[in-house]
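Down below is the structure, laid out as structure tokens.
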Amino acid sequence: MLIAKVVGNVVATKKNDTLTGYKLMVIQPMRADLTEDGCQKVAADYVGAGIGEYVLVGSGSSVRVEEQRKSSLIDMAIIGIIDEIVV
Amino acid sequence: MLIAKVVGNVVATKKNDTLTGYKLMVIQPMRADLTEDGCQKVAADYVGAGIGEYVLVGSGSSVRVEEQRKSSLIDMAIIGIIDEIVV
Amino acid sequence: MLIAKVVGNVVATKKNDTLTGYKLMVIQPMRADLTEDGCQKVAADYVGAGIGEYVLVGSGSSVRVEEQRKSSLIDMAIIGIIDEIVV
Amino acid sequence: MLIAKVVGNVVATKKNDTLTGYKLMVIQPMRADLTEDGCQKVAADYVGAGIGEYVLVGSGSSVRVEEQRKSSLIDMAIIGIIDEIVV
Amino acid sequence: MLIAKVVGNVVATKKNDTLTGYKLMVIQPMRADLTEDGCQKVAADYVGAGIGEYVLVGSGSSVRVEEQRKSSLIDMAIIGIIDEIVV
């Protein structure tokens, strides 16, 4: 999973039906010391994350293992909110 | 998902049968501030995107979750048209 | 999918049985302006591509969706020959 | 699989239910000569690894092949503890 | 698939059970001209490759398509020994 910061969201009216109902957040991948690393991506929010929060981001088929998401066209999702990184 | 800009399309007469009927668009991955990031790729268009539009691009097995696409040899697709990126 | 150029092929006598019968081509990923981008890879040829041709390259589980390939140990394949890139 | 060093862990109270019970470790990918290579990631610990240990890290659907993990939202896991790298 | 050179192996006594019986080789990804490209990884050996040999490396779910490997926690494997690269 990636460490990332939620930095915004995307508005997309015309989209694949299976994306309806998900908030699509812009996430910035981060290093463990909370410096930025690489390009922003868009992740579906599974946990109610807010702008500015540090989150865990899953990708690939892992984000569709739950029965209700098996047919969702999602390849990246926010799956946890990070309270603390201990390094 | 990637933020990308549709910058062109590819013509391929000789191709795997399962690609027939899909428009194959050239997409440029973008950062959230709409500067370019990385190499162009080719994505099947699922939503009727036009040249110059900013789009959401899904990849991997996510783009084949829908019944009618399960046997399509597609690993990247345009799955939404971005109206606005709020960062 | 990647835009790539076919630049050679690989001879491998000792290999997993499921690879038998496939031509294993060396492909060079390309940008849309046909400059090189990144390291060469090896892709199974599904469409009869020749050296020097520009091709579409699929990767991941997409290249095994067809019934006859479900048990083939292939993670990258040439799936179309590019006639033209319009950008 | 990646060679990595366990450098910390992540505390995330609010997370997808399927992650409950897993220790989420911060791992630093390494080269074979044990110099760092690339950004830290978060991996579920399957083997009881400790801070400072060198480990094998698997990713993608491989980390969910076991029956008890098929529905876990995990895309990266520590799957072995490295005793020695012989190069 | 990657072109790679086998440069060593990893000893891991404590590991996921499904890895038992596989030799875990350290591989160095290579360009077609046999110069190094990128970080070393660890791959399960499916073909009896030796140190110093050039090999084909598959990754992702492709390396688990065979019945006897469906439940193995492997995401990268040596699947062929390269006799010659013709470029």
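Order as written gives the chain letters A, B, C, D and E; numbering starts at 1 within each chain.
Everything that follows uses one rule, which is that contacts are C-beta pairs under 8 Å (C-beta built on N, C-alpha and C of every residue); 3 or more make two chains touch, one makes a residue touch a chain.
Treat the numbers as computed from the prediction; the structure is a model and nothing was measured.
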| item | value |
| --- | --- |
| Centre-to-centre distance between chain E and chain A (centres being mean Cα positions), rounded to whole Å | 31 |
| Centre-of-Cα separation between chain C and chain B, whole angstrom | 19 |
| Residues of chain E touching at least two other chains | 60-61 |
| Overall pattern in which the protein chains touch one another (line/ring/star/complete/other) | ring |
| Ring order of chains, beginning at chain C and proceeding to chain E | C, E, D, A, B |
| For the chain C and chain B complex, residues of the former touching the latter | 1-3, 29, 31-32, 37-38, 46-48, 56, 58-63, 65-66, 77, 79-87 |
| Residues of chain B that touch chain C when the two form their complex | 7-16, 18-19, 24, 26, 28, 39-43, 60-61, 64, 70-76 |
